[in-house]
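Take a look at the structures listed below.
Note that chain A is present in both complexes that follow, paired respectively with chain B and with chain C.
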Partner chain A sequence: MASQADSKDRQFLAVIGDEDSVTGLLLAGIGHVTAPPDNQKNFLVVDSKTDNATIEATFEKFTAERKDIGIVLINQHVADRIRHRVDTYTAAFPAVLEIPSKDHPYDPEKDSVLRRVRRLFGE
Partner chain B sequence: MGQDLAEKTGAAVGPQQQQQPHQAPSRNVADYDDAVDSLLLRYLSLLDEYTRLRAALGALQSTVFQSLARANFTAERGVRRYGQDYYDERMQATRRLRVTTPGAGAGGSPVFEVVVHSPEEDDKDEGEAAEVEVEPANGVDEQQANEEKPNEQQQQPAQNNNKTKKKKPKPHDPLRWFGVLTPMALRAAQGQAVEAVHDLVPRLATVSAEMAGVEVEVRRTRKKRAKAVAAEEKRQQEEEENKLEKRVDGRDKPGRAEVLAE
Partner chain C sequence: MSGAADREAVFPTRQSLGLMKAKLKGAETGHSLLKRKSEALTKRFRDITRRIDEAKRKMGRVMQIASLSLAEVTYAVGGNIGYQIQESAKSARFRIRAKQENVSGVLLPAFESYLTEGNNDFAMTGLGKGGQQVQRCRETYARAVEALVELASLQTAFVILDEVIKVVNRRVNAIEHVIIPRTENTIKYINSELDELDREEFYRLKKVANKKQRDNAALDAEMKVKREAAAARDQENQAPAEAIEESGDILTAEEDEDVIF
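Take a look at the complex of A and B:
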């Protein structure tokens, strides 16, 4: 029952990615900034200057702290930068999906779901 | 198709079953084999859907990037790039998730859906505050109108109200962050991104969650099967030992009878 109530409040998609990925998804209308004074965004634009600690902290915030996010979309090349964090994430909510970016096409070898598939058949 | 696969996988498991000729326990093991096979079959069909969705999302994402690149190329002077410099800091999500978990407690995996969230729902709460802000402006307009054209004073407030009502939904369309006259390519990017968010992303999340659920079931059933196999082997050993004991007893008895006869 608790998980059902928990999942009901998860009404936002969040995104961590490069500028074009975030712009595209925000154009679709998923962007949300909570009311002041919090002003919490549900997106993070990552560029070459963004350090891994920031990415990791944002991933942590979206997956563990915020209870209103249901899906976290993350560019695969960004996920690579905090791979240990993404691969060890096993909770049902929010769901984490790795998406391709402009400069880095989707690589099935790195996809966490397909890794799980290999583990299941390789045991 | 499904049955064929089931038969094939069944055939692959067959030799193992033949090694276990005892009826009662082997039926158990066979049941677990069937259960694992049908779970894996379901898992493979989910995996198939997952890879198809992945390919579709990849293709759609690349068209979004192309459209954005085209929009940036044809951008008006002054627009450096259609990107984060133009994001509205007070943006409100117009596409939101609806997560349903069917059969909670029965291990039902969650279903993700993206629904359009009408800004009016939020405006009901914010509306009152907005009206308070608008009213003083109306008052100024009315005063000016009174001074200039006293005859139109009754129409003026009505028009102002209409204007404020029409203006409200506009800031909720993210396309407006980038100006009033946005290039066609940016609109195309929006359309493609909406398709990705609406159709592909929630389905991918649902399929992924369902796959995780099946994985757990497969592991659980495999463990049960392993236990059943171990229990059966133990039983076999015990039976063989019993037989051996009986044989030894059978040989011993005539031996003793001969000894006695002598």
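Take a look at the complex of A and C:
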């Protein structure tokens, strides 16, 4: 499995979420900006004005292009906007994690992994 | 192969029978080993799914507490600090490291979080007021992220295990339903062919023995006729008693010869 070989240098977390979630997680110290030439941030603030294409492109960038990200955190309501992309994402690395946000209560039924868990237990 | 049961293309010889028997034995050993592996993995898998379920619920609670403390910060600082924080984030303090754990030959990654020393992007945040709240908020969020990291490693393990279990089960089924029946069929085929050869050989030997017996009988009869003729001639020449004795001797000798055949 090639995906396990490159797991060593994945050392950052990435966030796609609303302002509060991103702010909080940045306060915890996960924010990282790569060296000056490209200045890639590992977080994206989504508000009502952000269009789905941007979210999708960022999700794509975090999951496929960047090799230094181990976990992608995404707000559940944001994940809902690109649900088809999140649901079809099955790779082990980076792990995609849906997190609750302040204004949107967490709904376990929508979570792509939890749904798989439930299906396996035949519920 | 001639529409018969599914079997391998081999010549029905004793050597290939031995090979097939060894193969069947190997397949059975492999089957039981794989089955055990699959069981071990499934046990682990169930354990992980249960823990994921728990961790997801815990995450909901932890994130709630964290957002509450962020609201406290916003209140204390008296304004939105989002921009300031997004601009001052430069280098990650909170990083993760992937470890690997071996479960019956499957490498499961586990993330481990660690803090790098010496870089603090938010030294100036909350300097004016609300510094304490900012500090507390950072701690709360750090704990939340730790829970998230744990959940992420469970989830990764879940995805990998899911895949591996599918592969192992496919192998177990292939051995159970394809390889073992096919090898057994081949062994049956070789045995039946060998039996057939044996019967043929036996029949042939019987035929040969029959033929030999018949030839011998004919030869014996011929010899007897010749001897009797010779004895008759002798009797005419010599004394009758002597001749009878001699011919009796010859007869016993002949019988001896018969026994040899």
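We adopt the following convention: the second predicted complex is superposed on the first by the 116 of 123 C-alpha atoms of A that agree within 3 Å, B and C clash if a C-alpha of one lies under 4 Å from a C-alpha of the other, contacts with A are read in each partner's own complex, and residues count from 1 in each chain.
Just so it is clear, a contact is a pair of C-beta atoms (placed from the backbone, for glycine too) under 8 Å apart; a residue touches a chain by one contact, two chains touch by 3 or more.
Bear in mind that the values here come from a model prediction, so they are computed numbers and not experimental data.
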Query - Fit or clash - chain C, chain B, common chain A - result: clash
Query raised in the report: Who does A:Lys102 touch here: chain B (first), chain C (second), both, or neither?
Result: both
Query raised in the report: Taking the superposition as given, does A:Lys49 touch the first partner, chain B, the second, chain C, both, or neither?
Result: neither
Requested in this report: Please work out whether A:Glu19 is in contact with chain B alone, chain C alone, both, or neither, and reply first, second, both or neither.
Outcome: both
Query raised in the report: Is A:His84 contacted by the first partner chain B, the second partner chain C, both or neither?
Result: neither
Query raised in the report: Does chain B (first) or chain C (second) touch A:Asn39, or do both, or does neither?
Result: first
Report summary line: chain A residues where the chain B and chain C footprints coincide 1, 4, 7-8, 10-13, 19-33, 42, 45, 70-71, 73, 92-93, 95, 97, 99-102, 106, 108, 111, 113, 116-117, 120
Report task. Over in the complex, which chain A residues touch chain C? Could you list them? Result -> 1, 4, 7-8, 10-13, 19-33, 41-43, 45, 70-71, 73, 90-93, 95, 97, 99-102, 106, 108, 111, 113-114, 116-117, 120-121
Report summary line: Per the touch rule, the chain A residues reaching chain B in their complex are 1, 3-4, 7-8, 10-13, 19-33, 39, 42, 45, 70-71, 73, 92-93, 95, 97, 99-102, 105-106, 108, 111, 113, 116-117, 120
Requested in this report: Report the residues of chain C in contact with chain A in the complex, numbered from low to high.
Outcome: 49, 52-53, 56-57, 59-60, 63-64, 66-67, 70-71, 80-82, 85-86, 89-98, 100, 107, 109, 111, 115, 121-122, 125, 134, 137-138, 141-142, 144-145, 148-149, 151-153, 155-156, 158-160, 162-163
**Report entry** Residue numbers on chain B that touch chain A, as the complex places them
**Finding:** 43, 47, 50-51, 54, 57-58, 61-62, 64-65, 68, 81-84, 87, 89-101, 104-105, 109-110, 112, 114, 116-117, 172-175, 186, 189-190, 192-194, 196-198, 201-202, 204-205, 208-209, 211-212, 215, 218-219
